[in-house]
Each structure stands twice: as structure tokens, then as C-alpha cells.
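Alright, structures below, take your time with them.
The two complexes that follow have chain A in common; it is paired with chain B in the first and with chain C in the second.
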Partner chain A sequence: MISTVYAVLFYLATFLMVAGVGMKVFKYATTPVPLNIVVSPAPRTKRGVVFRMFREVIFFESLFKSNKWIWLFGYLFHWGMLIVLLRHFRYFTLNTWWWVEIISPIGKLMAFAMLAGLLGLWARRIFQERIRYISNPSDHLMLALLVGIAGSGTMMSYVTHTDIINVKAYFLGLMRFDLSHTLPADPILMAHLGMVVILMIIFPISKLLHVPGVFFAPSRTLVDNAREKRRVSKWARNLPPLPEGIPAKEEG
Partner chain B sequence: MKTLLVSVLMMAALMGAPVLAEGLLPNIPAALGEPHPEGNEFWRVNHPAILSHDRDLTVLDGIRDIDGSIKTCVACHAVEGPDAAPLTVASPEHACRTCHDYTAVKIDCFQCHNSRPEAGDWPAVLPSLGGTPESLHAYLERISQ
Partner chain C sequence: MAPLDDDKKDVPIFSDYPSQMPKIECGASLDTNTFKAYPEHNEALGFPGELIDNWQEVAIAKIGELAKKNRAFQVYLDACVKCGACTDKCHYFLGTGDPKNMPVARQDLLRSVYRRYYTFAGKYFPWLVGARDLTKEVLDEWYTYYHQCSQCRRCSVACPYGIDTAEISMAAREILDTVGVGQKYCNEIIAKLKKTGNNLGLNPKALRATLEDLEEDLEDETGIEVKIPLDVKGADVLLITPSADFFAEPHIDGLLGYAKVFHASGVSWTISSYASEAANFGMFIGSYENMREVSWRIRQAAKDLGVKRIIFGECGHAWRVGYSFLNTLAGPFDFLDQNYPIPQHILEFTLDEIEAGKLKIDKSKNDEHIMTYHDSCNVARGSAMGPKEGGQFDVPRAVIKAVCNNFHDMERDTIRENTFCCGGGGGLLTDDLMDLRIKGAKPRMTALQQVTEDHGVNKMAAICAICKTQFSKVMPKYGYDMDSVMSVHQLVANAVILDGQETDEADPAAAEETP
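And now, the complex of A and B:
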């Protein structure tokens, strides 16, 4: 019974998350960027932009420059979560990949980095007056869900274990549309998976969209070539001819 | 609508093609002795904690009269190999390895412990020291002088 409910929930959540994020990405990709609004100092070549985005995604460069505390907690949380998520591949691959086995022991510890980062970020929203004032309920919801997921997962790693053999068989089954396996009905596992489902469903309508969004931020992804290359939007092409001295055509 | 269709196709690609239901669970070999009174469910979830607990009792407190030891585990959960000898942990069919490989959980028990029962031509790797609490105390007193 519980297994069936969770199977339906996971299929639904996966569909909503993939379709929702896909639609958002499509929207981002087709939104016109009529002006070059890149934040300077910015690279003047495409290769430079790729390098800038690399630093942004790997090191959170602009956050580091703006606030060291948020950077510290955010960095701990994001890298902790990445390693922990990669560790979860052992539940979704029949023969676990070798590199998942290598990072597995690190991932078990990285849960604490993830929790420390989340609690730091949450403390900022609660104890810092200015930030508390601008915090929306959804900001707290995201943190509560992530703390709940990380906390329940850490509980299962360190305190009350669950039958991971059956958990793995259940999820391998789900991925093959085979619902014959039963999920162990442990309360902590139920809570863990339930919160994951909620997070997956609200992902495409939440601030978590910064994951694909960072790659579509015109203030970061554009080349600083406003002088070299003239940007003419579609509607502007139909305007009356320009005064003398301004080139009418796009260059380069 | 086009977006939705692409999304659905993407999802299908991510999930992979349906495969036959068989073979999603590890092939756990049946043990030789009586089943655990606490039930398999209990032991599947709690055996690491129990082993660690008994290890602490033995190593830290010198209590050697414990309910279970890794010796009895491997004796009852022995799997016969092709040469009629019990398999060592080097074989993926070893009772511990079937599940531990499946879930990618690495154990270091058998870096020191023997992974198969001592019987017939398979002598223990190390001879028993025959330690009792008294002999341990005597030993500790000796080295503390």
C-alpha cells in the first residue's frame, strides 16, 4: 500500500520536475535579451565568458566577492549536497559505478557539511534583522525541507538504519516500471522520501530554479563587446534609417 | 505543447528502457543453521551495530563471553565453493559480499578476521592465544611494570 502510494508520488514528482524545469529552461532560452547588460568587469571573449561561468559555478565567485559568510555556508551546503547526491547513485544503478564507491565514505561525512551550511544560512534568516525582514515563507520552507531531508538521511546513516537492500530494489524497480518490490515502512525513510517528493514537485516553481537559471543570467553570460558588436533587436530592424555616422548593420 | 512533448521524451530517456523484473535483488545464500530468533529483518538492519557493540565489549572491556562473534557468523553463513571448500571473501558469492557489493558498502572485518570457517584442512590463520580475563589482567600488569 505504502509502496504503491510512494511509487505514484515519485512518478508524479519526476514528471512535474522534469517537465516543469524543461518548460522553464525553454522560457529562459527564448526570452529576448535586447541589450547587453553584462556586469563589468566582464570578459571580452566567449572563451572568457566560459571561464567566468566556470568560476561562478565551481567557486561561487560573485558571492565570495559580495559576502564571505553567505559564501562559506552556501559553499559548504552546495558541495556537501553534491557529494551526498552522487553517493545516492548506489540506489539507482544495479552495479554501482566505481567512482561512486570511492566517494561513498566522503559522502557519508559530507552530510554534516551540508547540514552545517544549511543551519548557517537559516540562522542568517532568523537572527539577522535585515534578512529576516526580507525573508518570505518560501525561503524558510526551502531551508526546512533541505534540513529535513539531510537530517533524516543522516539519521538513517548514523542512528537508526533502514533496510537499504529493499530500498535499492524498490527504486531499481521503479526505474524499470516494476512495482513488485516493497519499500521498508520505516518512519524516517517515509519522511525522507516524502520531503524529497515535495521538493521535487515545488522545484520548478521555486527559487531553486537558480540551478538552471545561472546559465541564463544575461548579467553573467554575455560577452562585454558592446563597442565591437552592435546589438539590434528584431523590432528595431524595422525602424526608419539611422542618422548618418551610425552603421546600420550588425557587425561581426 | 512542444515543450511538454520534449520534456516527456527527456524523462523517458532518463528513466531507461523497461527491463525484466528479475535480478533486482541480490542473490542472498541461505545460511546453514537455525534462523535468527529476532528475524532476518532485524539482522539485516542492525548487524553492523551489533558487531560493533560486541567488538567494543571484547576489545575494550576484555569480555570474551559474548553472544555472537564474527567466527559464528561466517560458520553459519558459509557458502560452498566449486572445490567443496567454503568461499572466502575474495569471491563475490561470499554471503557478506552479495549484499555489501549490491549496496556498495565496504567492510574491513576481513582485513584481520578469517572470512570462512575453520574446518578440516583450513586451519585458523592465527593460533588462538587462549585469553581469559585473568590472563589479560596478568598481561596488562606485566607490561605496565
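And now, the complex of A and C:
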């Protein structure tokens, strides 16, 4: 019964996340950029922009320059989460890929980096007056959710192991629309998966949109070529034409 | 205009260091409000004269419209994670301590309304995500705090996603204009420009007389005839310069510098009375249509005069519009000489002339000045110069160093892409915001004071009409003389020696006399 409920939830969450983010990405990609508003100094070539964005996404370059503490905690959290997520491939592939095997031991440890980063960010949100001022309940809940996911996952890795063989069988089944496997009735696992479902569902309707958003911010993604290249968006082209020439009365 | 009640203001004191955190004080600058535009100003710009009856409905619809027309607006409203990296970057926050002047909080004034009407979470769980109904109080708050943003983009540099508060602030002002709540300073000026061709409302006759006076000054100083041509058909270069260059100090001295450089280079040039303004306040109010209309005048003037090149004088936001938007708004400029950048900055031109050895320079003429340089925000973060990335920082410094012996940069965190706004940009250079302007200048003035202590710096050069006016007004509040701010081309003018110039009369102060 619970296995079926979770199956439905995972299908639903996957659909909502993929469709929701897809719609947002489509919207971002098709919304015009009427003027070149790149924040300079900016690269003069497309290659340069790719390199700039690479540095932003891989190193959080701007954040590093602007705030070392947020960078440190944010970096620990995001990279920790990435390695942990990659490690999770072992539960979704029949024969674990070689590189997943390699990172698996690190992946287990990276859960602590992820947790440390999250707790650091949360502490700043609570104790740093400026950040407390700009925080909404959703900002705290988002951190709570991520701490919950990371915490429950770490519990299963280090404290009370769940029946991981069955979990893997269950998810491999889900991926092939075979619902004959059952999830172990383990409360920590239930909590872990439940919170993941919530995270997936709120992805396209929350600030998690910074993930696609970073790739569509015109202030960073445009090439500094405004003197050479015009960009007239469709709605601007349809503006009423302005008169040619200088009105006689205004001539000096 | 109401006189400033100076006694009410705290005497500004320097911070210990430029980015020093203020004590947070909610509502500290809630009462700092700029005058609202009269109906005729709004109407001249195509907006309703006064607050319309169905303003709420129209404003909400406008948010949706802007989100469809401008990717930046849409992405920036969605992507913020409230990390807080921008919170200590705004000079108005550092100066006032009002938390709503923190960039993210300023964005949230509008984001909260966007969320309420355009997002799932805001529609059904407003308390969770800080979503708010659009009430009259919220509208008033927009008016207050979106007129405490100089659109300098320092916060955008700090943001991990590049979220640019300037874009949000421009959008907010456009929404306010759309429902009939305009700002007097900006809208009156744009209306004036549409009538006369410049922000001052100076007609061609008065402009000609002013320029002739300046020509006389130049002749008195140099002993030779240096022209400041107006409406000369067939000139090579059309100079588009802020109208402040015609009447304000130290702007005029910059204009005299351009005239000397053009004279020495032998390039024929002209000013246009029809486009006698580089400034384009259409940008400050976020109005694409108005910005396009103002830019269009430059195209028409260039065509009418049959020039080959367009060069912009020293003006910060004008150079952002010129460099980044002009080609889009009023291009293509296929009728101009394609061998030169379109448009070109006067500093690019001057540096080329210096490097080609066409200017005779006596650097010692500037020896009394121990210089630093203030990167104007719109030049620093909204444009570029020269062929190399970062040229907007290096070209002005190269020119200054070519004409001055003493130069020291201010602290790294306060210059180049991290430069602090002068405190008067973005349509806030009005006496009714003087209190805010003084407070907003604090980080810059603190950085200046550091180099004054460390290196004896006594002058700061700038290449923006707004910066120059702002500093000449607020510097005295911080204990500097009002002429401690200089035009970069004023330094050039001091050092350049023209062919045939009487050189025995070596009075460096001559160029600084008010005409």
C-alpha cells in the first residue's frame, strides 16, 4: 500500500518537476532581451561568456568575491549535494557505473559537507541581522527540508541501515513501470523519500528556479558587443516608427 | 524648489572604512521622498497626468506585461534565493541604515507583489513567501524606495546570479509612470528635452551665445582661435555631450578640453542644437519608448549634419545608453564611417590622439593636483571603452596618467567594477533628495579620505556630468572644496599646449575660472 502511494508520488513529482521546470525554461528562453544589459566588464566573445558562466557555476566566482562566508557554506552545500546525488546513481542503475563506484566512498562523506554548509547558511539566516531581515518563512522551510533530506540520508548511511537492496529493486522497478517490488517499511526511509518528493514538487514554483535562472540572466550571459550588434526584439520592432528628419521649427 | 533645511540633517561623518556596516534602522529613510511630477510632465511623456482610478489593476497588468517583454525582469523576480550577498553593497544602505535600501529588500518590494499575483505559492500561501497585496501603501513605498536607487548595479556584480536591482528599479518606475505617478525631476527634464533638445531647455540661440563666450575664454587663455562649432554641416564629428558641459563647473572645463583636443587633432567637429544633450533620462524611468525617442534625435542630427562619426562627451549614463543601447534604439548607423566605433567615447578619441603623438603635453601644468579617479557606475558596469575588456577602467586612467604626474587609486573594493556610486545617479540628482545624496556619498567620500590621508590626494577626476555636479555639491559637506572634483578633460585642457599658443603666460588656474 505505502509502496504504491510512494510510486504514485514519485511519478507525479517527476512529472511536475520536469514539466514545471521545462515550462519555466521555455518561458525564459523565449522572453526577449530588448537591450544589451550585460554587466561589464564582460567578455567580447561567446567563448568568453561560456568561460565566464563556467566560472560562475563551477566556482561561484561572483559570490566568492562578494561574501566569503556565504560562498564557503554555499559551496560546501552545493558540491556536497552534487557528489551525494551522483552517488545515488548506484540505486538507479542495475550495474553501478565505474565512476559512481569511485566516488561512492567520498559521496558518503560529502553528506557531512552538505549538512555543514546548510547549517552554516541557516545560522547566518538566523543570527545575521541583515539576512534575517530578508528571510521569509519559506526560506527557513527550504533549509529545513534540505537538512531533513541530508540528515535522514546520513542516518541511513551511518546509523540505521535500511534494506538498500530492496530500495534499489523498488526504484529499478519504478523506472520500468514495474510496481511489484515493495519498499522496506522503514520510517527514516519514508521520511527521506517523502521530503525528496516535496522538494521535487516545489522545484518549479520556488526559489529553486535559481538553477535554470542562472543560465538566463542577461546581466551575465550576454556578449559585450552592443556597438557592433543590434538587438531589436519583436515587440520593439512593432513600435510606431519615429519621424525622419528634424522638424523645421526646431532648426537652429 | 524648497530650500534645504540643512540644520535638520546630521553632519556627515566618515566611516572607518568605505564598506562599513551601518546600524540597521527600519524606516530611517521612509520620509525621504522626491517631488512628484506635475500632470503636464507625465503627459508629455505619454503617461497619465495623475494617479488613475484603476491603478491597481493597471499596475498588476503592467508587471505581467514587463515579465513578457523583458527576460531580465522575469528571471530576476524568480531566481533570488535571499542569500544576502548583496545586502551590504548598496551605498544608500551603507549611508542610511534603512534595511529597505538593501538591494534584495528593494527588489522584494516589487517581488512580493509579483509573487502575490503571478506565482502559485504567492496566490495560495502568501504568508509563506512574503507575498503582499498591491495596496496604496505598497505603491507609496515603491515610490519612496525605487527613488532611493541610483541604478548603479554594484549589487548585480555581487549577486551569484547577476540579479540587477537597476532593472527592477527601472521597471518599478515604469509601472509608477504607467499609473500616473511620475517623478518631477526626471519627467520634467525629459519633457524639456523633447521641446528644446536638451535637459536645460536651452534654445539654439542661447546655446550659440554660450558657446561663443566659451570660445572667447579659450582665446583669452591660449591666444589662438579655438572653435566650439554649432550646427556645422559636413563636419567629421558630431559631439554629443551632456548639456551640463555648457554651463556647470567643472563640466565646462571638460568641454574646453574636448575643444582643445579636437583643435590639436585637426578633426572637424560640431555640436548639434537639435541633439544638444547626451543625457537620456528615459533610461532612469525605465521607459524604452522615451529612451528610444531621445536617442532618435541623435540619429536625425547626425544625418542632418552629414557627419561621419559620433563622439560622446563625459557623461556616465549617457555613455551606457550610447555604448550599449544606441545602436539598438536608433541604428543601424550605416551612413557613418564604419572605420570608427559607433559611437565613440571622447576618451577613446583623446587616448588615440595621445598615443599617436598628436598632442603636445606639459604634464607639469597639473603638478598642483594630486589625483585620484572616480569610476562612474554606468561607465564601469554598463559600458566599455577601447578594444580590450575593462577598457572603461584603463582608458580614463591612461589619459589621466598621460597628462598628470600624480595619480593614486582609491581602495580596490571601491573602484573599477566595485566602484561606489557618487550618490546622485539614476535620476536622484535633485535638491529634494539632498539628504539622501549626502548620505549616499559616504562610502565614496570615505574612500577618498583614505587616499587623502595616505597620499595627499586633493583632487578627484570623474567622467560623468551627474558625478561632477553631485560631488561639487556634497564634497563641501565632507570638508572638501567644491572644486575638488574635476573633469578628466579639464586635466587634459590644462596640460595640452596648442600650436601657436602663448606659453610664457603659465597660469594653470586660468582654465578653472568661471566664465
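Following the convention adopted for this analysis, the second predicted complex is superposed on the first by the 234 of 252 C-alpha atoms of A that agree within 3 Å, B and C clash if a C-alpha of one lies under 4 Å from a C-alpha of the other, contacts with A are read in each partner's own complex, and residues count from 1 in each chain.
Note that in this section contacts are C-beta pairs under 8 Å (C-beta built on N, C-alpha and C of every residue); 3 or more make two chains touch, one makes a residue touch a chain.
Predicted model only: the values in this text are computed from it and were never measured.
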Just to be sure I read the superposition right, which of the two partners does A:Ser138 touch: chain B = first, chain C = second, or both, or neither?
second
May I ask you to decide whether A:Ile165 touches chain B, chain C, both, or neither, giving the answer as first, second, both or neither?
first
Applying the touch criterion given at the start, work out whether A:Pro32 contacts chain B, chain C, both or neither, answering first, second, both or neither.
second
When the two structures are overlaid on chain A, which partner does A:Leu209 contact: first (chain B), second (chain C), both, or neither?
second
Is A:Ala226 touching anything from chain B or chain C once the two structures are fitted on A? First, second, both or neither.
second
Check the residue A:Arg55 against both partner chains and state whether it touches chain B (first), chain C (second), both, or neither.
neither
Partner with the higher number of touched chain A residues, chain C or chain B:
C
Please indicate which partner A:Lys68 is in contact with in the superposed arrangement: first for chain B, second for chain C, both, or neither.
neither
Mind listing the chain B positions that touch chain A in their complex?
3-4, 6-8, 10-11, 14-16, 18-19, 21, 23-26, 41, 44-46, 48-49, 99, 101-106
Can you name the residues of chain A that touch chain C in the complex?
24, 27-28, 31-44, 48, 56, 60, 62-63, 65-67, 70, 74, 121, 124-125, 128-131, 133-139, 141, 202, 205-207, 209-210, 213-214, 216-220, 224, 226-233, 235-236, 239, 242, 244-246, 250-252
Interface with chain A, chain C side, in the complex: residues 24, 67-72, 74-76, 78-89, 99, 102, 104-105, 108, 119-121, 127-130, 153, 156-164, 167, 196-197, 204-205, 207-208, 230-231, 273-274, 288-289, 292-293, 296, 300-301, 303-304, 323-325, 327-329, 331-332, 341-343, 380-384, 389-390, 392-393, 417
Residues of chain A defined as touching chain B within the complex
14-15, 18-19, 22-23, 26, 90, 94, 96, 100-101, 104-105, 161-165, 168-169, 172-173, 175-178, 180-181
